[in-house]
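After the structure tokens below, expect a handful of questions from me.
Chain lettering (A, B and C) follows the sequence in which the chains are written, and residue indices restart at 1 in each chain.
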Amino acid sequence: MNATVATTLRARLDALPSQSLLGTQEYFVNMGPQHPSTHGVLRLVLKLDGETVHQVIPVLGYIHRGIEKICEHSNYRQLVHLTDRMDYLSALANNWAATMVVEKAAAMETNSRIEAIRTLVTELQRIHSHQLWWGVFGMDLGAFTPFFYGFRDREILTDVFERTIGGRLTMNYIQPGGVMHDIHPELVADVKAFLAVFKPRLDEYEALLSENVIVQERLRGVGVLTAQDAVALGATGPVLRASGVAHDLRKAEPYGLYGQVAFDVPVGSRGDCWDRYAVRMQEMRQSIRIVEQLLDNIPEGKHFLVKPAAKIKVKPGVWYSHLETARGVLGAMLVSTGGEAPYRVHFRTPNFNNLWAVTTTATGGRVADLVAILSSLDLVIPDIDR
Amino acid sequence: MSDDLVHPAATPAGTAALLPGPSGGAVAVAGPWLDTAGSVGAVRKGIASLLGGMRVTGRYVARPSTVVTQHYPENRETLRVPERFRGALRFHHDADGYHGCTVCRICEDQCPNRSIVITQREKGALTKKELDTFIWRLDACTFCNTCVMVCPFNVLHFGPGFESAVYDRRLLVYTLNGYAGPTAALLNKQADPDARKAACEPRDPFCGPTVLQALAEKRAARRKAAEAEAAQGVGLKSPAAFEKSAARTAPDPVPVPGPVPVPAPVPVPTQPGSVEAADVG
Amino acid sequence: MHFDPQSLASRAAHLAPTDPWPALGVVVGSVLGVAAFVTVLGLVLIYAERKIAAHFQCRVGPYRVGPHGTLQAVADAVKLLLKEDVVPTGSDHLLHILAPVLSFAGMVLCIIALPMGPHAQVVDLDIGVLYITAVAGLGVLGILLGGWSSHNKWSLLGAMRAGAQIISYELSAMLALLVAVLFSGTLQLSGIVLAQQEGWWIWRAHGAGLVAFVLFVVAGTAEINRTPFDLAEGESELTAGFHTEYSGLRFAFFFLAEFLNLFVLAAMATTLFLGGWMPLHIGSWSAWNAAMDMLPPGLWFAGKAAAVVFLLMWFRWTFPRLRVDQLMRLEWKVLLPIGFANLFFAAVLVVSGWYFFPTVAAAPVPQLPAAGSSDDAGGAP
């Protein structure tokens, strides 16, 4: 019976293994570490069958700089500046995370002006980061123009930062005990001018990309990350919220002045690329809302409460604190045995966990879907490797 | 994270209970959706959405005034660098060119990358502890501003110079103090201008113990020795031949424009577009 | 106004029996002319694309080389000529070298058959439409070979995408093109232009022309691999697709072929639906028509082609890229049915004589003793 020769096409197809209807062969392809849409030195080993992705294996370590190890040799003031280089698009939030854990460990005080400034600049940087993401997202989908529009509008905000902070990308602004400079006298006017320009531009973004039928076709139903998977992977930030889990540390454990400003947390329902896209677009609007509330209500006070050169002393023990960057939960852990430098520093970075969503969501899709998923996760590779 | 995680089927409204806060909660994102289920209306809507995007780009192409490009080297004269911009680390020098550095070494201590190295004079002119060279390595600096922040005497600041590109990384090692000697406060107590002058020894921006400097000194010493030998008639080699052999034994891959300064310390010719030249705005 | 188009090839053929030397002059002149035209056109198109793209994106684009960067394309060409030509180990050397030549040759063979003016046409084949669609197929052959011979999986993916895409979209392009052929009653390109003397097919064909024009532009964009159908290159997905492993002069050939493709598409759309080099005539407005005739036909052709090129650039700098399966869905489920319906509609119009404009008698087809004997088109029927 088994010797029957399959004569018809149908019979031949039936005789083939079900996963490979045409008898095709799987092959491996290296996506990265030099690839236009891995945005850095991420390497993904892809097992493909034609255009269909069967497996994604991330390979890390191409930009490991040992930031945590270097922190062990730095004192509690010095270790803050290296955090700029983890998620370089959320430098201020990274500074704040490191500062927060140092302040917690050393029992340092802050005042409401410091907290207001920190909240304001970090929220501005969330917009800053999402602007870049939007541009790059467009480029990954094959549209070049959004990239330039995103960078054009981001430049205004970069200039605002430059005026108050002095840095444009890696800023080292938030310090244990305060912020490095008081806000520039022109900051409020600058930010208002930016918002006046940016709000109509945000609508333009929607017309150019969000409402585009090709974008919607490319994103909807692609790369679905269920809430269970998202939680199991430890995904945070817009990736988690797009899957329907309304978890935002700004609401769940308010820090800074987040407890005193009104804002909503955009939450998706299906966890596909479109939801991740829409959540970030809405987050920009919510960040604008927060910034507008803070701008005219920055309390008076000093911007730095300790002597700049004072040694920061930390008692032996373990401390942890976390906050919400533009990409998710950034946790900072500190182990001290006394002395000037920490014994161990560890950062729980959002991108490391978010990255693994690609292994579950991209399987079964096309190569183009993989690119869309990668882009919708908004990864910053140096943050993965540290 | 709370244990009672939200089931994916749960509506976003139901998840709002997770979130304490004064006002606002989770809102479901709607987004500008297109209903693209296959129908003639969907095709029409799809085409309309494409035209909407074309209107955005078309508006920009029709208005050349929306171009944001800056023509950089040409607009150098009109560039406005913010006063807090972290360009090049500089000393505050007063009208007489005096600085206030007391060699307390806090900046050196606090610098996360060891990009500040301070040497002090063996014997100061007026006090025991006087600054000799304040070396700042731009190539190691992360521009974190910590040194400026911690300086108790407000000696340091970041200048606007951002055009730091050079062809040799050794040129990225700067000496910031214009002179080796006591602080402005001490010098101003000296009534006699000659005494002030005697207390100070000039330093130029590239005079630190850089590799370049050490090399130049070494070469100068060798040349001197060779010349001495040639003068005595002991050596068989002419100075030129010595130079050749020296180049073979100790290759000096100096791509620095101009001759290597001999004898030391002669300033390396300032690069066009170096930090000094870039203090604009 | 009466036009009497005469191609360079037919002129040479007429001269040949009596005056061999002038005939040879025409032949040599056409060959040199085509070479110069192709080079200059490539440079102009590259410059235009970069400048227009820049202004879509609030930039100025090339600005440094020459006034307003006009010599940028020349500088790029020189750079590409001087670059090292890398042929990857393990690649099929012969095919690797052959692929860009095929791509480029296909485009040049298309250009020689295009009527750019009453007398500015190298070869006027009586099956010009068929010839162009056939010769344009060399382009896909070049892309397929380039991707295959590169010994690179990304290149191969790009090439396979291009193959599937171009072959699919050629159907729609053909269906759209047939509408113009139906209305003109000839396959000869100069004849199609002459048939539009009273008005251009885009509006004179009762809607069928407009639909066919849109179909042709969309399908043509897909055929020449431009955004939103640039899957074969797919910069963000496949690094550079089929030409990932090409550098230097060979890359330049692919690059040039891409831009000449753009021109050929625009020129075909112009010829078939926008009246080619015909001035814009409106019914009996003799003053208007006379004024329109003041402009030389070559300028009309260039202007219309430039408008179509600008439209394609507008597409490119606005839209994101489609996915492979969406691309196929668009072709087989949307464009192809529309194309068939449109062709049927057009056929009914033509057969039943429901159109209310006079049929233009096609100009007498010049006798071509050996078609294209004057230049590279020797292989054409």
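The criterion applied here is as follows: contacts are C-beta pairs under 8 Å (C-beta built on N, C-alpha and C of every residue); 3 or more make two chains touch, one makes a residue touch a chain.
Keep in mind it's a predicted model, so treat the numbers as computed, not measured.
Colleague: Can you identify the chain nearest the overall CA centroid, using each chain's own CA centroid?
Modeller: Closest chain centre to the overall C-alpha centroid: A.
Colleague: Taking contacts as defined above, which has more of them, A-C or B-C?
Modeller: Result: the pair with more contacts is A-C.
Colleague: Between chain A and chain B, what is the separation of their C-alpha centroids in Å?
Modeller: Distance between chain centres: 28 Å.
Colleague: With centres defined as the mean C-alpha position, give me the chain A-chain C separation in Å.
Modeller: Taking the mean C-alpha position of each chain, the two centres sit 45 Å apart.
Colleague: List the centre-to-centre spacing of chain B and chain C in whole Å, with centres computed as mean CA coordinates.
Modeller: Between these chains, centre-to-centre, one finds 53 Å.
Colleague: In chain B, what residues contact two or more other chains?
Modeller: 50, 53, 56-57, 68
Colleague: Two or more other chains in contact with one residue: find those residues in chain C.
Modeller: As it turns out, chain C has residues touching two or more other chains at 56-59, 317-319.
Colleague: Note the residues in chain A that touch 2 or more other chains, in rising order.
Modeller: Residue numbers touching two or more other chains: 145, 152, 208-209, 212, 214, 217.
Colleague: In their shared complex, at which residues does chain C touch chain B?
Modeller: 52, 55-60, 63, 314-315, 317-319, 333-334
Colleague: Under the definition above, what is the set of chain A residues touching chain B in their complex?
Modeller: 74-75, 77-79, 81-82, 84, 145, 152, 155, 159, 162-167, 170, 172, 175, 180-181, 184, 204, 206-214, 216-217, 226-228, 231, 242-248, 251-252, 254, 258-269, 271, 274-275, 277-279, 281-282, 308-309
Colleague: Can you tell me which positions in chain B touch chain C when the two form their complex?
Modeller: Spelled out, the residues of chain B in touch with chain C are 38, 43, 50, 53-54, 56-58, 60-61, 64, 66-69, 71.
Colleague: How about chain B: which of its residues touch chain A in the complex?
Modeller: Residue positions touching the partner: 1-2, 5-8, 10-12, 15-16, 18-34, 36, 45-47, 49-50, 52-53, 55-57, 68, 82, 84-86, 106, 110, 112, 142-146, 149-152, 158.
Colleague: For chain C, which residues count as touching chain A in their complex?
Modeller: Against chain A, chain C makes touches at 53, 56-59, 153-154, 157, 160-161, 227-228, 230-231, 234-239, 317-326.
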